[in-house]
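I have placed the structure first, in the form of structure tokens, so that the comments after it can refer back to it.
Order of writing sets the labels: A, B, C and D. Residues in every chain begin at 1.
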Amino acid sequence: MANLSINIHKLELKNPVMTASGTFGNGTEFDDFFDVSQLGAILLKGTTLHNREGNEYPRMAETPSGMLNAVGLQNKGIDYFIRHIYPKVSEYKTNVIINVNGSTVEEYIELTEKVNQLDKIPAIELNISCPNVKEGGMAFGTNVKMAEKVTREVRKVYEKTLVVKLSPNVTDIAEIARAVEAQGADSVSLVNTFLGMAIDANTMKPVLSTITGGLSGPAIKPIALRMVWQVARAVKVPVIGIGGIMNATDAIEFILAGASAVQIGTANFINPNISVDIINGINDYMEKHKLKSINDLIGGLQM
Amino acid sequence: MNKTVSDLTIIKNTRLNHDNYLLELQSYIKLEGIIPGQFVNILVSDSQATFLRRPFSIFEVNYHQNSISVLVKVVGPGTEKLSSLKPSDTLNVIFPLGNGFSMPMAKEKILLVGGGVGIAPMMQMAKDSRELGAEVHILLGARTKMDHILIEEFSRFGTVYLTSDDGSVGVKGFVTNHPVLLQNNGFNQIYCCGPEPMMKAVAKKAKELNVRCEVSLENAMACGFGVCLCCVTKTTGGNKCVCTDGPVFNINDLSWPI
Amino acid sequence: MANLSINIHKLELKNPVMTASGTFGNGTEFDDFFDVSQLGAILLKGTTLHNREGNEYPRMAETPSGMLNAVGLQNKGIDYFIRHIYPKVSEYKTNVIINVNGSTVEEYIELTEKVNQLDKIPAIELNISCPNVKEGGMAFGTNVKMAEKVTREVRKVYEKTLVVKLSPNVTDIAEIARAVEAQGADSVSLVNTFLGMAIDANTMKPVLSTITGGLSGPAIKPIALRMVWQVARAVKVPVIGIGGIMNATDAIEFILAGASAVQIGTANFINPNISVDIINGINDYMEKHKLKSINDLIGGLQM
Amino acid sequence: MNKTVSDLTIIKNTRLNHDNYLLELQSYIKLEGIIPGQFVNILVSDSQATFLRRPFSIFEVNYHQNSISVLVKVVGPGTEKLSSLKPSDTLNVIFPLGNGFSMPMAKEKILLVGGGVGIAPMMQMAKDSRELGAEVHILLGARTKMDHILIEEFSRFGTVYLTSDDGSVGVKGFVTNHPVLLQNNGFNQIYCCGPEPMMKAVAKKAKELNVRCEVSLENAMACGFGVCLCCVTKTTGGNKCVCTDGPVFNINDLSWPI
């Protein structure tokens, strides 16, 4: 067994494989399939201060090698989470991370303060890149000034590991990454979904109730990989790679490009066991290539 | 039984008519306690047009031979591919998924209403209800005589009534035009699966007749086990996932304008 | 037969189907397959002032439902074109459009002036979005000021139809579209390729000689469609939709989203006859939906 | 003949060894004047992992039965899928593509060198050269005895020499270790196809021996008919497309450091 453990700031991961927010429920939905404590970390679904019903159905469109979603952060709010879900998920023997969302800086702060009280949550992922909400969301992630501001303010009230999740819908993602790093982000995760659209030619209508939605899955992998590579060269903090990872080879590509860890998203829908399979696949690859530690693989791209 | 991801082997693929196929799948994991109305989510590999899994109602469970069958209506690339599979081909399947119908009690008089491929969950429902001692009536709707399938199989478990849009068999019109639904026949429960307009019409009728009614929805799904939140339907308790809180809902819990 | 003809400024198209630059050679490569005069227009491969050898091999990577290319505008330069290719392509009974590239504004101008002399070239497509060249290219298309400048200067020396081809690698493509419209563009075409990357995990090396390349094919369709929809609502000039169009249904989706015409790119590699098939498919669709003129379809999305 | 896009029907799929298959394809378009070294570009439909077509050398043309065959070595999803096809399955194919070898004249003594699946274009080349009256010698290299295929078929058209990396058959080592290449045997021309390092070694040898030499390259392709400019190789005349200016090049035209 190769040494897969890696630290992201104060966060200690037994391996670099996490699940992506919004694609893994609260983790408990996977209990039937495998022991989620095997993972490096699990990212809970996007959480807001108050209950959100999300967008109208239809919220999904299948696309070539991918899918669009327009869930819109449906969740019951942080108080419900603390009361009903936290007790269960804090039993897991892995890092449980909350994906923090707000429509104003104040909301981000208030939510973060509440999460800060939770002993068993060692990190938050600040989602400034949700394309499916009317207010806030992606607006924070596509504007340097706003990305800086929300990171700075949240940093003030949060001392544990602060990961900022970046939007790919920008001209220069490295610029945003550098900006949030300068404001105190301990890590950046990328990418969130690409803003896309699907039309039903038969009905002449948009497929999604919200017209546009977020594109995920292998279709976006080449762009996500490029962005991770660019950001890894632009910042000093560890980078978490996300986007269309379907198997161990994909995950290894992100790590070679400079990611210290990866998140598995849409692939969970197709194969609920995929995240453990990927851990095993990375281990096999490292043994084959005689790499002792995952550190030998991170940014190992040869040019 | 617990949800599982498993490779099932096709034992038989029967062409029922021009666009319906019955696939019988051998399981290597012991099947137990599957509830009528539950569904499976099938990975259609080897097809460029299908990225996500495809959900299908469990048509029948054969505990004896440890197999389940699904009724597949060809509507697109995924179902096309499934219809072309042959015995000994394997399929990767997540199952059993969803809640299933609330089963009737002995002596209850129940009506199962299936429209189009919505008849799929009704076979196991009819079988199990009959076994529980209920009096089973089955109303099947389709476009034409040619589109009606499996009538004989259904009639093994209850009295079958038919409608067709063009009147080529049974009562002409929609299922809601059939006397068995129009009159109060003393049903204790109505169970329905089919196109949404049909289910709404049946739900309305059930409400008028003051009969308890469950419908099985077929919202588009990405995961099928409650993690993507794509498949929601509005209920009196907010948005609920059709794949886990459903696919079967009591019509009183849905926010349908009926 | 429905009426498929449509005008883009002074350009008269017998149908809205064009082929995308860089994917159709000089058209002559398709003579064995079908009569290219049936198309609304053909876009010739990216042309520069001088001979360019393009990038080193490997220039291509297959990706899920797409491909990356790093051709880098290999072409023999405008003078060679005028002497050897122009005589042949000007025989076609369709619009032959040159895709104009430069690394400086001066180069764009000089090249345009030469193209302006060519009677049988009724339009140019100003490529400010090539991701595969070291200088110029995408830099013009991802910066409002530079996009404005090159459009303004080229407009001064060119009176025929000026189409500006936009890069999708931006935060706000509608902003760039409005900017080039204001500087006199008669039409905008979008999208060019997305900057992406592929890594060979076995060799731990980038697949492309240039590390990054341009992503095309159905993978990008949902994002391209969203951009076309946004731009069509932002500008008054006709929009030409490009990105992952593989069949008539895809083309119709772009037209419903607001495109007055479409370009077929990568699909030509997979099926050389696809562009005529798409013309026929659009006609069939219009007949089925009882639409008399393509104008009834453009922007016909129902919301 | 002109390039065409056409559906060909599989007549026969023969498994030659653990990873090589010979597919025989019926054409409905009349085959004529196909040159050894030309190739076909096959659409592997129904596979999620193959978006682009897959190029294969034309292994043999049977004008009589209007069929062509291709030798497929399984290396990934596309070739895997092709290897699993059965008679009566169809394949969409663009052909004939590329330039092909310059044919020898009668009485010329030629050496065909094939390494691994690079033997594919050599069968038709051997056949046609023999027909033209050339004296054909065929040097085949593979990893082990197990990897050597079609030796008997080749020997119908010329003298066959073998090498294997492990010495399990023929001369141990690479093709360039074989005496037939080491000594000047009076060859008028050498034709070579195989892994690039092998072709470079053979080209070097040919240069030393001052024998005219053509190699067939296998650069990655997106289109196969000269429009994407992805498949280029450096030549003395600048970057040239392997799919149209090649796949066969005279080694003197390539910018190889030999």
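In this text, contacts are C-beta pairs under 8 Å (C-beta built on N, C-alpha and C of every residue); 3 or more make two chains touch, one makes a residue touch a chain.
This is a predicted model, so every value here is computed, not measured.
Using the contact threshold fixed earlier, the set of chains in contact with both chain A and chain B is empty. As a whole-number value, the distance joining the C-alpha centres of chain A and chain D reads 47 Å.
Rounded to a whole number, the gap between the C-alpha centres of chain B and chain D is 54 angstrom. A separation of 34 Å divides the Cα centre of chain A from that of chain C. Those residues of chain D in touch with two or more other chains are numbered 48, 51. Taken residue by residue, chain C touches two or more other chains at 63-66, 217-218, whereas all remaining positions touch fewer. Viewed as a network of touching protein chains, the structure reduces to one closed ring of chains, two contacts apiece. Checking each pair of chains for touch leaves A-B, A-C, B-D, C-D.
Of all residues in chain D, only 45-48, 51, 81 touch chain B in the complex they form.
The touching residues of chain A, when paired with chain C in their complex, are 61, 63-66, 68, 142, 169-171, 194-199, 201, 203-206, 211-212, 215, 217-223, 225-226, 229, 244, 249, 252-253, 256-257, 285, 300-303.
Those residues of chain A lying in contact with chain B across their complex are 22-25, 29-30, 32-33, 45, 51, 53-54, 57-60, 62-67, 69, 71, 74, 217-218, 266, 268-273. For chain B in complex with chain A, the touching residues are 2-5, 43, 48-53, 92, 94, 219-234, 238-239, 244.
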